[in-house]
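First the structure, which I've put down as C-alpha cells, then a few questions once you've had a look.
We call the chains A, B, C, D, E and F, going by the order they appear; numbering starts again at 1 in every chain.
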C-alpha cells in the first residue's frame, strides 16, 4: 500500500527522521511519502496552531487521495483536522493520538501519556474524552520541552525517563504512550531502560501505531464510517 | 458591557434576526454588534466547514478584543474555534453549545438536543463528551433540514415540535436544547406548545444562554482559565 | 427582576455582607432582598443541618413566589431543599452549588472545590454526582474551618490560598470553586493572588454565579422543568 | 437483633402488612418493631414530601438507638433522611433503595426499577447516581399509580407485570427491583409469573433486602463510616 | 440453610480458620461445610491460577447443589469461576469480591481494597469494572505478601494497617475492603485500630459479607438471573 | 512473522475457513498455523464453556511460544483465557474481542456488536466494561443462532443483515463489529450490502482485526505489559 504522511508543519526538519521511523515499522510492501504544509506553523502546540494548520492539512489529504494513496497519516499527536479530513475522503486517515491510545488499551489496563508541554495537556484530555477511553488513562504528564527543542535526543530521553517512572510509580501506569510524534527514535530505548528497573512495560510510539493501523485497515478493506464522517454537501465556500 | 457576536459564516442573511434575538435576551446596559467572516462557508454543517471557518473566526475574536469588546459570542452551536480563540484573548469567549447545555443541566436531569442534520449529530456527541456532561444527555435528534432552509419558520417549527415530543416521550428528555443557533425566534413558542401537552418543559435558546453567560462572567469579573487555554508562544507562523 | 435570597440559617450575621456581595454582581435593574429562617440551625455543615432547615426553606421560597419575586437563591453551597422548592414554585430557584460548578465547567476542563470542613466533602461528592459533572472534578478540598469562624477574613484567605495552590499543583485543577457561600468578598483577591504565581486562573464565587444564572433564566423566560420537579399532589400533610 | 422499622408517613395503614413482610424475610432471632411519624405526610412521592418528613424521621431513628435497637430500616424507597440519620447514630441505618439495588447488582448485570409514579423517576435517577451504580441501570419505569392506591393488589400486580415485561424485552433488564416499599407481598408471585414466560429472573423486594443487609451488618459488627457521615457538631439549633 | 464453602485451592491449611470465621458471622440456623479442590493450585494469585482452578470449582459447585446445599461461597476474592458456576446451578453462588464491595458501597461513598500482591491489582481493577461500581473505588493497594505467607498474623496486621492508613489519608477512602479471603480473623481488630486514630471506619471482611449475602438471598428466596447466567446447552464436551 | 491461531474448540470444522480468512488479511511475510484443543468443548457459548477450555488454551499458547511463534490469536470473540495466557508468555496474545472493538473505536463514535446468542450478550457486556470502551457501545444484538449452525451462510447473512440494520436505525450505531469469530467470509459482503442502503458503514471482522494487531505489535516490537500480566510465581500446581 502507499501511505502519505502529512507532517502538518511548515518546516521539513523532521522529515528524514520521520521516514526512517516509518520505514522501521512498516511492512515490506508498504511505501511511505512525506509532505509538509505550505501554510501553517512551525510546530503544533496549541489549539491556535491546529486552527491555522487545519485548512492546508485537509487540502493535502484530498490531494493524497487524488494521487492514488491508500491511506494518510496526519503526523501529529493532536489529531489535527482528522475529523474534517475523514469527511472529504474515503481512504483511511489517522492521526497520532487514536492509534497509539487504542493500542495501549490492548496491552494494559491503565496507561499514561507523556507529552511535550503543559499547554498540550488539556488538548489531550479532550482527545481522551472524545475517543471514549478515559477509564484507561492513568495520567497525562509533560517533559516541559517545546517540540522544536526535541532534537537534543539525550535531554529528551532523560526527561522522558523521569516522567515515565513517575507515571508508573505514582499514577499506576502499566504502559506508556509517547505524546508527541516528534519524539522519534526513542521508544525502543525507553522501553528497555524502563523495563530494566521493573518488569516489561510497553512504550508506544505513535508513528508505529499509526502505520500499523493503516496497514491493518487497508488489508481488511475497511475505512472510517461515513455515518460518522458524512461527506460535506456542496455549497458556497470562498476559502478551501 | 459590549458583546461582539461573530457569526461564523460568509453571508449576512441571519444578522438582523440574530441582533433581534440578542436584544430580546440581553440586559439594558449591554450592547451587541455583529460581524461575519470574510473567508469561510455559507453555513457550518460539518467538521470540514469548521476547519475552513477557523482561521477567520480567531482573527475576528482577536479584533474584538483589540476594539475594546468585553466578550465574544461565536454564534454557532458547534463551538467552532472556541478553544483556539480562548487561547489568544483574555476576554470571555463562548460558542452556542456550552452555555446552552450547562443551562439545561441546571434545569433538569436529562435533556435532548434537537439539531438540523444527521451529519451534525456526531459533532454534538463529541462536544457532549468534551464538556463532561454525557450523563445528562437523553438523546441527540435532528429535523433533517439544512441550516440555509431554516428560514421557513412554519416548517422548522412543526419539525422541531415532532422531534421534541419524541425526545420527551421516547428518550426520557425533561428539557430541550435547540441544537442550532439558526433556530431563531422559536424557543418561547415551542416551549408554550410543548408545555400545553405536558407539564412545563424548558426549551433552551442557545443565543439567550450565550448572552446570559457572557453577562454573568463580565459582572463576576471572571474569564476562562489560562491554564486550560494557554497563550500560544511566539514562533514562525506563515498564515494567521 | 426581584430576587429573594433565602439565607437558610437562623442568624442574620452574614446578611449585610451577602447583600453587598449580591449588589456587586447583579445588573442594575435587579433588586435583591434577604430573609433568614425562623426554624433551623446557626449554620449548615451536615446532612442533619440540612434536614432541619428543609421545611422552613421551602416555606420561605413559596412565600417569595407569592410576594411576586422573580427568582430565589437558597444561599448555601449544599443546595439544601432546592429540589423540593422547585417542586412547589414556578419561578427559578438555585442554590450555591449548581450555578458555580456549571460556570466552572465552562471556563476550564478540571476544577476543584475548596470548602470549609471535612464533614462537608461527602455531601459535595453527592452533589457532583447528582449534577452529572463528575468528569470535571479535579478534587474537593477543605480549609478545616467551621462556617461561623469564616469571619476572620485574613485566616480564611491564607487557608484558602494554601488549598487552592495544592489543588492546582497536586490535583490538576485549572479553576477553583469556593465551596461555601459564606466565603464572601474574597474571590477577586484570591484570583489575583493565585494568578500572580501562575497564569490566570478563575476563582468562582457561588453568589455571583447564582445571581448571574437567575438573571439569565429570567431574561430568557425559562425555568426548571416540571417533568423533573413535578408539583406535589394534594394529600394529607400535618406539617408544612 | 432488634430492628426498628421507621415507616416515614403519618398513617399506619401499611404497618400490619409491613410487619408480615419483614417477619417473612428476617431470621429467627431478629425482632422487628414498627413506628410511624408524628409529623409528615400521608405518603412520600416528591422531594417536598421527603423534606417535610425529614426532621421527624431523624428523631425516630435517634430514639431507636436510645431504646437499644440494633439497626433501623427507614421504610421508603427514596431513602429519605438516611444520610442525616446516619450522622446522628452509630447503629446501621438503611432505606429501601440502596439495599435493593446493591442486591440486584450482585444477581445480574443490568436491572430495572419499577416504581409508582413519573414524579418519582427523577428522584430515583438521583439515588442511582449517588450510589455510584448507574452502569447497571437498564431503565426506571413506573406503573402510574399513587402509593395510597397500591392496596388494590390485583391492579398493582397486573400493572407491575406489564412494566416488568417491557423492562426485560425493550430495555435489556436481567433483573427487577420493586421501586416502592409499599409494593408489599408481591415479589414472589411476580417472580414466578415473569419467570414462567422467560427463564428465571429475580424480583427484588426492598423490604427483604433491607432486613437482610441489617442482619448481615449486625452479625459482621460493622456500620456506616463516620468519615462519610460525621457526627454533627454542637451548635445553635432551634428546631430538632 | 446449608452453605457449602468451596475453598478453591488444593491445600486445606486455611480450612479450620475459615470455618471459625464463617461460624462467627453466620446466623444460628445456618450450617457451613468446607471443601477443597482436587485439581488446582496451592493459592490463587494470578489469572493463570484461576484458569487452572476453574473446572474443579464448577464441579464442586454442581456437587453442592446435588447434595442439597442452599448456597455456595467460592472462597476467593477474585470471584474465580463464579460466572460459570452460576450458569450450571440454580442456588445462589457468590465469591469474595462482589458481596464485600457492594456492602462497602452501602456504608460509605469511597472505599479502598487492600490486597496481597501487585499481581492481583489488575485482576481487581477488572472486577471493579465488571461489577459497575468503579465510581466508588478510592484505590486498590497491596501489602506485598503472598497468600501462603498470610499465616503470620502479626506481620499481616501491621502491613495492612500501614496500607489502610495510606488509603484513608492519601486516597480519600472512607471505608476498607480486605482484598483476600485469606486475611482471616483480623477485620475487627483492624477496624478498632484504625478507628482509634480517626473516627469509626468500617473494615469489611469478605467472608462475613459473603455469608451475609447468601443468608439474605436464601431468606428472600431469590437467586442470580438466568437471563444473565443462562444454562449452557447440551453439546459435545470432552472435559468436564 | 509466524502467528499461531489457537481455535479453542475440540473440533476442526472451522479450521480451513479460518486459514482462508487469515490468509486474506495477513501481509505477505506472515505465516499462520492453526491448532485445536485436546480438551474442551465443541463451541464456546457460555462462561462454562470458557472455563472448560481455559487450561488447554493456556497450554497451547505456551507451546506456541516454545515453538518459536511470534504471536498468538486465541480465535474466539469471548477472549477466553487471554489474560492468563498473557501472564505465562512474552509474545503478544490477542483474542477476537479487543482488536475488533478497538478498531471500531477508531472508525466511528458508536458501534454495535452483533453476536450469535442471547446467552453471550452478558459476556460481551463484561468484556466491554473490562476494556474501558463502554462509552462507544451503541448496542449488543444477537441473531439467535448457535455457533455450530453458522455454517449455513445464507441464513447467517440474512439474519446478520436484519440485526445490523436495527443497530443502525434504532440504536444509533455508526459501525458494526461481528460478534463471533465463526462469522467467517461475510464481512465484506455485509459491508457492501449495508452501505448500499445507507452511506458507507464499516463491518469489522474480528479475525482481520486480530491478525492486523499482531502484525502491528510485532513490527513495533511491543507486547502486553508485564505489570498488568505478571508472570505467575512458582508454587504447587497439580494440574497444568
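We adopt the following convention: a residue touches a chain if its C-beta (ideal position, glycine included) is under 8 Å from a C-beta of that chain, and two chains touch if they have at least 3 such contacts.
Since the model is a prediction, treat every value here as computed from it, not as a measurement.
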Contact-pair count is greater, between B-C and B-F, for B-C
Rounded to a whole Å, what is the gap between the Cα centroids of chain A and chain C?
43
Would you mind pulling out the distance in Å between where the CA atoms of chain C average out and where those of chain F do?
51
Can you list the residues of chain A that touch 2 or more other chains?
108-109, 122, 126, 129, 132, 134-135, 174, 227-228, 230
Touch relationships between chains, expressed as pairs:
A-B, A-C, A-E, A-F, B-C, B-D, B-F, C-D, C-E, D-E, D-F, E-F
Which chain D residues qualify as touching chain B in the complex?
122, 125-126, 129, 134
Note which residues of chain D are touching chain E in the complex, please.
25-29, 90, 94, 98-99, 102-103, 105-109, 131-136, 168, 174-175, 187-188, 191, 195, 198-205, 208-209, 211-213, 215-217, 219-228, 230-231
Interfacial residue positions of chain C with respect to chain D in the complex:
10-11, 39-43, 45-52, 54-58, 81, 83-84, 86-88, 118-119, 122-123, 126, 129-130, 132, 146, 148, 227-230, 232-233, 235-240
If you look only at chain A, which of its residues touch chain E in the complex?
108-110, 135, 174
